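In what follows, chain A forms one complex with chain B and a second complex with chain C.
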Partner chain A sequence: MYFQLAWRNIWRNPRRTIVILTAVIIGVWSMIFLGALMRGMEVEMIRNSLKTLTGNIQIHEKNYRDDPVVENSMTDPALLKKALKTSLPEGANWAMRIRVSAMASNARHSSGVTLVGIDPAKEARVSFIGKAVTSGRYLKTEDTNKIIVGQALLDKFDAKIGHKIVLMTQDMGKEIASKAFRIVGVFRAEMEATEKEFVFATLSQAQKMLKLKNSISEVSIALKEQNLDGREEKTVSENLSSILPDTVYKVETWQELLPMMREYLKLFDNFIYIWHFVVFIAMGFGIVNTTLMAIFERMREFGLLKALGMKPLWIVRGVITESLFLLILGIVAGNITGIISVMLIDRIGIDLSALAAGVEMWGMPRILYPELWTVDVVVANLVVLLLGLLVSIYPAVKAARFTPVEALVKI
Partner chain B sequence: MSIDVKMAWRNIWRNPRRTVLTISAISFASLILIFMLSFQFGSYETMINSSVKISTGHIQIQAKGYQEKKSMRLAVSDPDKIGGLLEKIPEIEAYTFRANGFSLVSSRERSYGVLVAGIDPEKEAGVSTIKTLIREGRYLSEKDTNQAIVGKLLAKNLRVTVGDELTILGQGRDGSIAATVVTVKGIFSSGIDVFDRSTLQIPLKDFQMVYNMRGAVHEIIISGKSLKAVSGIKREVTKNLHNEDMGETAVVLDWMELMPGLLQGIQMDLVSGIIMYVILILVVAFSILNTFLMSIFERTREFGVLMAIGTTPGRLIKLVLIESMSLTMVGIVMGILFGSLITLFFQYHGIDISGAGELMKQYGIPGKLYPRLSLISALAGPIAVFVITFLAALFPAFKIRKFKPVEAMAHV
Partner chain C sequence: MNKKSIVLLLLVSFFWAIAGHAGAADPDPQSLVQESFNYMRGKASISITDMTIHRADWERVSTIKAWTLGEKNSLFLITAPPKDSGNGTLKKGKEMWIYNPKINRAIKLPPSMMSQAWQGSDFSNNDLAKSDTLINDFRHSIEGTSSHDGKKVYHIKSIPKPEAPVVWGMLKLKIREDLILLSEEFYDEDLILVKALTTHEIRMTDGRLFPVKWKMQKAEATDEYTLLEYRSIEFKETLSKNLFSLSNLKNVGR
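Showing the complex of A and B:
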């Protein structure tokens, strides 16, 4: 019965209820919507850096990450292949690469780049490069002196497809190795920095240039499921580590490979929760104030109820139920508007390419798609509901304390 | 004090609890806005200053097209003449010359492609902070020849330390081969990985000889007395260059043009901040709208009586608006007071962000962040709060016009 009573009570003054509901709705909406935008940014940032060459898991010679030179290569790809075959889950892809820093130059310009030697077919299933070539063509296994460069590098070098570019680097014998390549394709990437940094040639050509025989610098593994919780990465990398001797190999997940990304995620998490809290305080004042008003104008009523023998606890319960209804209404409407606006934006995305240089600086995606996480929605709702009930205790207790005699004389 | 203001003030305190809650909501919003805006401004300033101090300077004079192409050939041929012009501008604190060439740098064991910069050791110290960032060995001096300072990560990659030799192999301004051997004199660490991984500096005179520059440089870097002076200096320098007929070949670029990413990054951060603040203010506005509504509807009888004895509705609206606005003003003033105090506290002590330290370092922000209270950051937020609360107060106030004395008096 008291549910019905509470429900009717909040609609005794519809204008007031609607005003405070609006405050709660805007608050909940902003928590959900802005939270989804931040998550979208976060997810896109991780996907980009995973696709850009990291993959979910990488295997290196154990000193390579500290000192990425050709001497620290893995000399036994056959063993790696065997280990990969036995321990990778279904749907996972892997690719072997050479990765070495080099100097690229043509007649007019020179610049530092990273030469990546790839197996064209395998690489296409692991990283972005398979789909990123926008003019010219992708590499073929039988290519001898062909190379793919980024659009930004091509512009910087005043070069065109078909032009030559010379790469210089240090080979296994610590001699300077140099080789001329012909540009066959140009790729575009999310970040201009990626376009400037990487050039791609075939694995066999890179091995020949560096006198590496069949050694490789890294194995990159792309898992089928792209969950961000890192559980699958962990089991797979543990499996691999148990097969590969740790005197030579080091298996790392992207969380270990990109510590920066992890810090970003922590920052985002904190930010979302701070926002929840600030918004809640802003509406908390309104909730307390409105409930107080509703109490004080009903002072006589509470006095009468008490005089008739109603227990103080029941009055507390009644008032809290009223704000419970209010909060639930606000939360439901806030969720609906939040989810609808997320869905609307999700179709088109927020295009940030007008601010490309700024986007690049923060490492953000050019087009932002919101991403709704159940956990964020649940947390937002719980914050509003629980804290909202908590602050309503004050007016509720106030109402229960009215003494019948005093309250009844009040007009 | 006019009778209206006196009445309004007394009316507010007829319900002290409600008034205190409403004032708290308003001052909370003002406080948060002041602190957040100061925080943002403070970090922008740190970011700008550290980028400016480490590499680009406030303003640069370059040959036309150099900024985009970074080509060896696009050089400013008569730097000393321009230097003479710069001496005469009082807002310029310091200036220096730099020349850059991308080269292959090899130690006994390793080779890396690196941007070799020729710097004027004495003048450079007035513009950039590199001198203070030396961690091992010493900074370059005027008389040094064939000496270099390198970034910490580069030194690690090349496996060299102070006293080791490096071979530099690059392309000269005329396309000839540029080669030399230098000794590492010092190792610096700025905390910005990209910079520490790819920078090697040698004295400008050596650079000009090795790279066949014939006295030319690529960048003339100017540091102004403050960030605010930059646009004035830029105008002055551009004018002087035109007078000397160098306006065709040389361009003057300020830090926003030199680092478009930094400027846009800041704009984006500011815009997303503003969106959040507007939402916050809206939530607050609806939170307190009820106070304004109630203060009118619970006094319907009273207004009826006042109107019956001849008070015009206009005067009542004025009264009600004075009430809500003085409420807002008290809240805002308190918000500004406490907000400024909190901000000043952190401006003095700094906010420890060591949790995200590595990340922030890459944007040139050191271990602590200092909010920066300014007139704008202290007033922009509260003014926005004032405007929005005023709009929120208008709506109930105009309801008074619909009141009819008789009906209103009959209202319970």
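Showing the complex of A and C:
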């Protein structure tokens, strides 16, 4: 009977109910929609940075990350290969690289870059570069003095495919090593900074230039599963570290490799909760306000009920049931609109390229696709429902406190 | 001496002249460049030069004392103005160190700084460090001749060897038959002029003809150049190797 009474009560004044419903709907919608946008940004940022040569797990010589010079290279790739073969899960790919900072120059320009020596076939399965070459061609294993550069670097150097770029760096003997490369391909990346930073040559040529024999700087591993929780990374990296002696090698997951990204994700999480809270405060005041209004309007009714012997607790229950209906209606409608708008946006994405410079700084994608996470939706719904009920206790108690005498006087 | 023998002598010398001339018509370009390089540099030298760096809105003159020994070793010391005095550059082979008296440190130039300007001039560190690149990394060919002060000038086109780590697409040299370098033009890969080095005022200095003014000019900016004016240059047979050491770099600078 409570439910029936409550249901009929909220529709006694449809206009007011619709106003408050709208507030709840907009609140829930904005929580879901903005949450999905932020998650989309987050996921895209991680995928980007994982694909931009990070991978899920990397292995380095233990001092390399503190001092990324050629002296801190891994001299025994055979051992690494064996370890990788035994401990990687199915579907995981790996690639060995040389990574060293170098100075690139042509007749008119020069710029600091990172020379990445890659095994073309293996690298294509691990990082973005396999699919990123937009003009010219990708590297081949037998290439001797060929190089792939980013579009932004090419523009900066006023160069064209077929032109020469001279790279200078320090080799194993601390001597200046320089080598001329011809540009065979140009790659595009999500971020201009990536295009400017990396140049790719074959592993063997980089080793020859740096007098490294068959040493390598890093192994990058891409796992098949791309969960962001980091559980699989952890087990695989523990397996690897147990095989590889830790006096020489260091195995790190992307969470360890990109501490900034990790902290940034935490910030995102908190930001979503802060957003929920802000939306809720606005909505909560609306709910309290409307319910209070409804209650003062119905003072005579509550006085009568009291006079008839209705227990105060029952009145509280009645009022709370009314807000429960309101909230549930609003949440359902809010979820539906939220999910529909996410699905609509998901098809085209939000083009952020107008804000390119600002977006770049944070490593955000050029086109944003929202990503709906169940946990965010559940949290949003629970927040609205529970806090909504909590704030409507106040008007409910107020209603229960009316005495018949008060009610008579007020009218 | 009778008439007959005089005629004979004349005839002989005439043929000699023709033969000599024919032989000089196309010297081997590789060795011409090498010889010119050796001639301009000398076995060893001590020189004092005024370097004028000219820009559209300012100009700076500094005085440089330089010691060179062979192709590999050189030491430059700035002696004026007082603000920069003591700054030194030591070059040994492909490696370079710079010394700054204010911090009393000699710094080995990392690869990243090699393509930067030397002392703010239009010469890059690489121009100094890799001066012998001209001989090792290029193939030279003579593509024409002209004359200068009544002497023959060879126009040489220098194309880098395919694997050579040089940024230029082509160099053009003008070398006079008495081995004096008149100009060196640097072209990019599209064969567009980037910068040019020209020499002027060829004079007798310390027993040999030597251009006392050297000008490096970027092609795009006509009001930007670096001018080297030799105040004195002394050519020596040799210099002590100890001169070209890190400790001496600091000593001369102090």
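Observations on the model:
Methods note: the second predicted complex is superposed on the first by the 406 of 411 C-alpha atoms of A that agree within 3 Å, B and C clash if a C-alpha of one lies under 4 Å from a C-alpha of the other, contacts with A are read in each partner's own complex, and residues count from 1 in each chain.
Quick note on the criterion: a contact is a pair of C-beta atoms (placed from the backbone, for glycine too) under 8 Å apart; a residue touches a chain by one contact, two chains touch by 3 or more.
Since this is a predicted model, take the numbers as computed values, not measurements.
With chain A as the common reference, chain B cannot sit beside chain C without a clash. By the document's definition of touching, of the two partners only chain C reaches A:N145; chain B does not. Once the two complexes are overlaid on the shared chain, A:A180 sits against chain C while remaining clear of chain B.
When the two complexes are overlaid on their common chain A, residue A:F325 makes contact with neither chain B nor chain C.
When the two complexes are overlaid on their common chain A, residue A:M103 makes contact with chain B and with chain C alike. Greater residue coverage of chain A by touch, when chain B is weighed against chain C, goes to B. Once the two complexes are overlaid on the shared chain, A:H163 sits against chain C while remaining clear of chain B.
Of the two partner chains placed by superposition, chain B and chain C are both touched by A:G112.
Look at A:W314: by the touch rule set out above, it reaches neither chain B nor chain C.
The superposed model places chain B right into chain C at 112-120; the other stretches listed in 40-48, 112-120 or 238-246 stay free of clashes. When both complexes are aligned on chain A by C-alpha atoms, chain A residues 101-103, 105, 107-108, 110, 112, 168-170, 176 touch chain B in the first and chain C in the second.
Considering their complex, residues 101-103, 105-108, 110, 112, 145, 159, 163-164, 166-170, 175-180 of chain A touch chain C. On the side of chain B, the complex with chain A involves touching residues 17-18, 21-22, 24-25, 28-29, 32, 69-71, 73, 102-104, 106, 109-115, 157, 170-171, 175, 198, 260-269, 276, 279-280, 282-284, 286-291, 293-294, 298, 355-356, 358-359, 362-363.
Partner chain B is touched in their complex by these residues of chain A: 15-16, 19-20, 22-23, 26-27, 30, 34, 67, 69, 101-105, 107-113, 156, 158, 168-170, 174, 176, 259-260, 263-264, 266-267, 275, 278-279, 281-283, 285-290, 292-293, 297, 352, 355-362. Within the complex formed with chain A, the residues of chain C that make contact are 94-95, 110-112, 114-116, 160, 163-169, 186-189, 194.
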